[in-house]
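These notes open a run of structures that come right after.
Two complexes follow with chain A in common, the first pairing it with chain B and the second with chain C.
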Partner chain A sequence: MPDEKKPCLSATGLTKVFGFGRQKTVAVDHVDFDFYEGEIISIVGESGSGKTTLAKMLLGLISTSEGEIYFQGKKRDLGKGIWDQWKKREYWKNIQAIFQDPYSSYNMFNKIDAVLLDCIRMRGGGKLPQAKKIAMMTEACSFVNLKYEELTNKYPFELSGGQMQRLMIARIFLLKPKILLADEPTSMIDASSRATILDMLLKLRKETGMTLIFITHDIGLAYYVSDSVYIMEHGKFVEHGTADEVILHPKEAYTQRLINDVPKIHEEWDLSTV
Partner chain B sequence: MAYVMLELKELTTKYITRFHEDVYAVDHVSLKVEEGKSLGIAGESGCGKSTLALSLMGYYFAPLHYTSGEIIIDGKNISGMKPDDIRKTILGTEIAYIPQAAMNALNPTQKIISFINDVIQAHDPATSKKDCYDLARSVFENVGLPAEVLQKYPVELSGGMKQRTVIATSVILSPKVLIADEPSSALDVTTQKVVIKMLRDLMEKGIVKSMIFITHELPLLYNVTDDIMVMYAGQIVESGTAQQTVFDPLHPYSKGLMGSIIVPEAGLRDHKLTAIPGVPPNLKKPPAGCRFADRCKYVIPECKTNSVGLHVLEDDKRAYRCILPEEELRRYYKNA
Partner chain C sequence: MKNTLRQVFQSGKFLVGFCIFVALLLIVFLYPIFIPDPPLAILGQGTFFPPGIYVSTFDSINSQTIYTLNLPDAAARRIDTRLNDQQRQDIKDWLVLDGIPADQIDITNTAQLLDLWGKNYDPNKDIPGLTNAKRNYYQRLSVSLQGLLLTAGQIIALPNATTGALEQTGAVNQSDYVNIGQVANVRVLPLGTDNFGRDVLTELVRAAGVSLEIGFVAGIIATLIGLSLGLLGGYVGGFLDDIIMFITNLFLVIPAFVLLILISFSIGQESRGAFTIAVVIGFTSWVWTARAVRSQVISLRNRDHVNLSKLSGHSITHIIVSDILPYIASYVVMALILQISSGILAEAGLSILGLGPRTTEMPTLGLMMNWAMIYQAQILGKWWAYFPVLLTIALITFSMNLMNTGLDQLFNPALRD
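After this line comes the complex of A and B, so read on.
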């Protein structure tokens, strides 16, 4: 963690309401936070706690109902409607995401080349010579232990889930955003490839110094990777602090229950408390 | 030695693809499940865990085909039976299967009770509706589900509730072996715990006699089952008690797998996760030697040419599939 903490992404009173009247659902309920530059943050919650809605708001994919988001100290302005789309594009140069399901993250009609070339174009490298572009793509692929030569003529569905997720990291490597939001990046891949993906994300973060936000339901993973942990319940943050504080010495009853429910290997798993 | 409920002897099954290629997804698998015990099967996706579950029911439908080996349930060999006979006499009463997406097994236009009626009457058409209801009610209450669930439609139930309903339905005729194929992977931790508690209750109350539990989550497996088998590319690479396989793995693959466990416990942040490099072999053309050789750290030239058998250690249950002797492997792990 850097000595002087500069807030990278913050929010005050952030709220998202779906529906109205009797159908009203408050998915995210007046959330405040400060995410600092270069930190690794985890947002942990059960399904339906509003994690993904929060992520979508931070990415600017859905509008906020109330509250403000501040990016690097300035109020975020994405404008309204299609004529302000360029503002979003500018914003997305700074914040990028990896989603849970690698299979649905790609355009199935585009070859892998096109996926990576798009990233280069987005960083303003559209006019570079072809050889330079290929060198960049090869570098990105080798960063995630993929071979560019084997991938060039393939479509995303020809890869396995783990490879797709790694390619996603290769995209991030080319884009070099300030913030990476990883929404359950490992929940659809099995335990042995999970370690590989995590290693790569941490290596990438070390190289670029970006802020990493993990959204997960896996408390073990949150504990392993993050500096600070936020626990989310019904759209609210019930507890936050450093990973050691929150996971090893939880104060709130909800957090305690959540941690108790995870099967462990060195401690007895108490089944009587359901 | 306790009574053996289910035994597989060198079971081999294959998939035949559209292009007439054989994929050996289950390759000479032998295992034993004793009465009152549970067996866990671990392994990464695509290693044949779910195919093994389908194969050991004896119920084959294309593209899955039976090749060789024996399946013995409660002293009866079912490996040569016709699919129709299996469905009528074996499934439900001898073996029950909980699929991965159990919640999709329910018919949205049918009440739970009528679904259960169908299940029971498929085995004994003479059963009256009243008897079905009484049986369903007693099983549901035994496993801690309210009887009102029976009168509901699937859409009225939550995900965890649906999963438990499907489990209760599949054990309604008290099968001898229950196969649970990732029953909790779509659920969050709290619901998962409820489902696991239910499975354990079923075992304790004697509604099911023995269980095979399939998952890739090792901490869960360690807490649920008595024995664990690790599968890799269609073969069993290691077997032993849960304690042995998790804390003292012998095969390099299981060693790697155990090193990737993440649990929220003190001390986790200090140890480095081990990732296994590479990808599993293509099962259309399995390598001649050890199937793990390409990804193994301790590979020697003989690994790629000699086929490797299962070494059974003295206590009969513990076995591993590696060319290297036990002492040498332990020495490697100690120095690593």
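After this line comes the complex of A and C, so read on.
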């Protein structure tokens, strides 16, 4: 880990409230953090703990209710309403995401090429010659062990879930953002392709040096990949620190429970306690 | 796309509706090619001629060849058409009132009946218990029975050009026949004529065409307005959505039909063409489409593929057109079909109230209903003036609703049976 840590994405008092009155739900509750450049950060929590809401706020897909987000030390300004779209577009050149469900991440009416071509256009390569674009797409596909020739002119629903998610990584490969938010990228994938996808993400991160924010409910996975771990419960960060600190020496009961919930293969299931 | 189309045509309900609709469309387009009569030409002098084949009497008498056929039951048929069982009973009733014992009258014996009638009937005789209308009826009946039992032919005579006296030019015997193919003027009126003496079928085909045009224009306008407002309000949200929903709710609480009546009344009879009516219908019926599209868009706008499109730097227009519109296209097509059929119904409703398109140019289904109603076709029992119109309206809306249900079941598997 570098000695001089530069904060890449920080937040103070970040809050998201849905609804009002009786139906008020505080999804994210006054969260503060500093994510440093080049780190792999895991945000771990149960479902409903506000991980995805936090991710969407960081991505700028939903507005914040309270608090500020700082991007590379400067206060993030995405503008308001539909007239400041370019500000968001600039921001999204730096931060990208992989979503949980590959099946719903694609527009099923567009061919796969369109997804990758969008990335090339976003990186300013919209006017490149066709051959160059195809070369770039082929490179991105081969990075994730896909063959571009097999994918071209296909629709997303003709691929398997694993292939779709790999294509998402290929997309990130083309975009090369500074920050990648991976929102449970492996939870909908069958176990056999899970490891492949994780390895590809880590390989990509090693090549580009981007900050990887990993959102997961799997604390074992967090321990396996990350530099620092944030434990989230009911919209709050209850514990954070390096992976070793948090997972090997948990202070909070909630963290302890998350760790205990990890199923162990050789242990016999005790159904009587369920 | 191809796959979806194939699925659509495998849905039984859609297919039935589609076939009915296409058949109607074919009739509307092909009929005027084969029978190019102007639909509003007044053929008949008089109202509500019943359906049937009309043979020119003049041309039959003056036909080149007259055939003689000796058919055994010809006389009996001739008598039957002029003196039916009800009339026989009426004659008996009169004779009984006049004082002839009922058991002496045999209504099946035509000769005896007519003999008694001829001897006893006198229009000036005062029979107690007869209304004036009945008295007139017996007078007419008596005239119509003259010469019923004659077996001789009739003379054809022409007035002499100088003296004016009638001169015999020929005779028609009871056993004379003409071949209908040799009669110069035969007109088939499958649905008779209406109150103005116009051929109902020709009028109906044209009216169905005009009504479909009105439905299409109204449906497309309503769908376009509803779609664009729904997409904008649903996707952009916020203040714009509030304004759009305010307008939508405003239109929603005022019954659309009342609004329609008020607007078309204020436009005035003279400037109400079919197209104007279609536009007015379109502008008053977009509300449900807007609401439905908006709610669909709201559920779509937070989907991952929309988020991904945003992250790929697409503009709002691009996202709406390529990430949201294709997902609600099936729904919009269904809404369009319903809007077309309800546009046709709305036109019919308006026209029945006398607020439809002005009546001088072209018929519509609603106008035909209106004419039939004003001239009391339903009271007079002239079913051909209104029943085929009703059937056409029912068929059009039925076929469209069937297509809609078929599509609905296809796109919404929860509704499949």
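Observations on the structure shown:
The rule is simple: the second predicted complex is superposed on the first by the 264 of 274 C-alpha atoms of A that agree within 3 Å, B and C clash if a C-alpha of one lies under 4 Å from a C-alpha of the other, contacts with A are read in each partner's own complex, and residues count from 1 in each chain.
Here is the rule we go by: contacts are C-beta pairs under 8 Å (C-beta built on N, C-alpha and C of every residue); 3 or more make two chains touch, one makes a residue touch a chain.
Just so you know, these numbers come straight off a predicted model, no measurement behind them.
By the document's definition of touching, of the two partners only chain C reaches A:Phe109; chain B does not. With both structures placed on the common chain, the touch criterion links A:His249 to neither chain B nor chain C.
After overlaying the two complexes on the shared chain, residue contacts for A:Leu61 are found with chain C alone; chain B is out of touch. In the superposition on chain A, contact of A:Leu198 is made with chain B only, not with chain C.
Counting the residues of chain A touched by each of chain B and chain C gives the higher count for B. By the touch criterion stated above, A:Lys147 is placed in contact with neither chain B nor chain C.
Once the two complexes are overlaid on the shared chain, A:His217 sits against chain B while remaining clear of chain C.
Touch criterion met: A:Phe99 reaches chain C, while chain B stays clear of it.
Within the superposed three-chain model, A:Arg89 lies in touch with chain C and out of touch with chain B [touch as defined at top]. The residues of chain A lying in touch with chain B in their complex are 46-47, 145, 160-163, 189-196, 198-199, 217-224, 243, 247-248, 257-259, 261-267, 269, 271, 274.
Against chain A, the residues of chain B that register as touching in their complex are 44-46, 188-190, 192-194, 196-197, 200, 216-220, 222-224, 246, 256-257, 259-266, 268-269, 273-277, 279.
Taken in their complex, chain A has these residues touching chain C: 56, 59, 61, 81-82, 85, 88-89, 92-93, 96-97, 99-101, 104-110, 115, 118-119, 121-122. Residue ranges of chain C in contact with chain A, taken from their complex: 236, 238, 303-305, 307-316, 322-323, 326-327.
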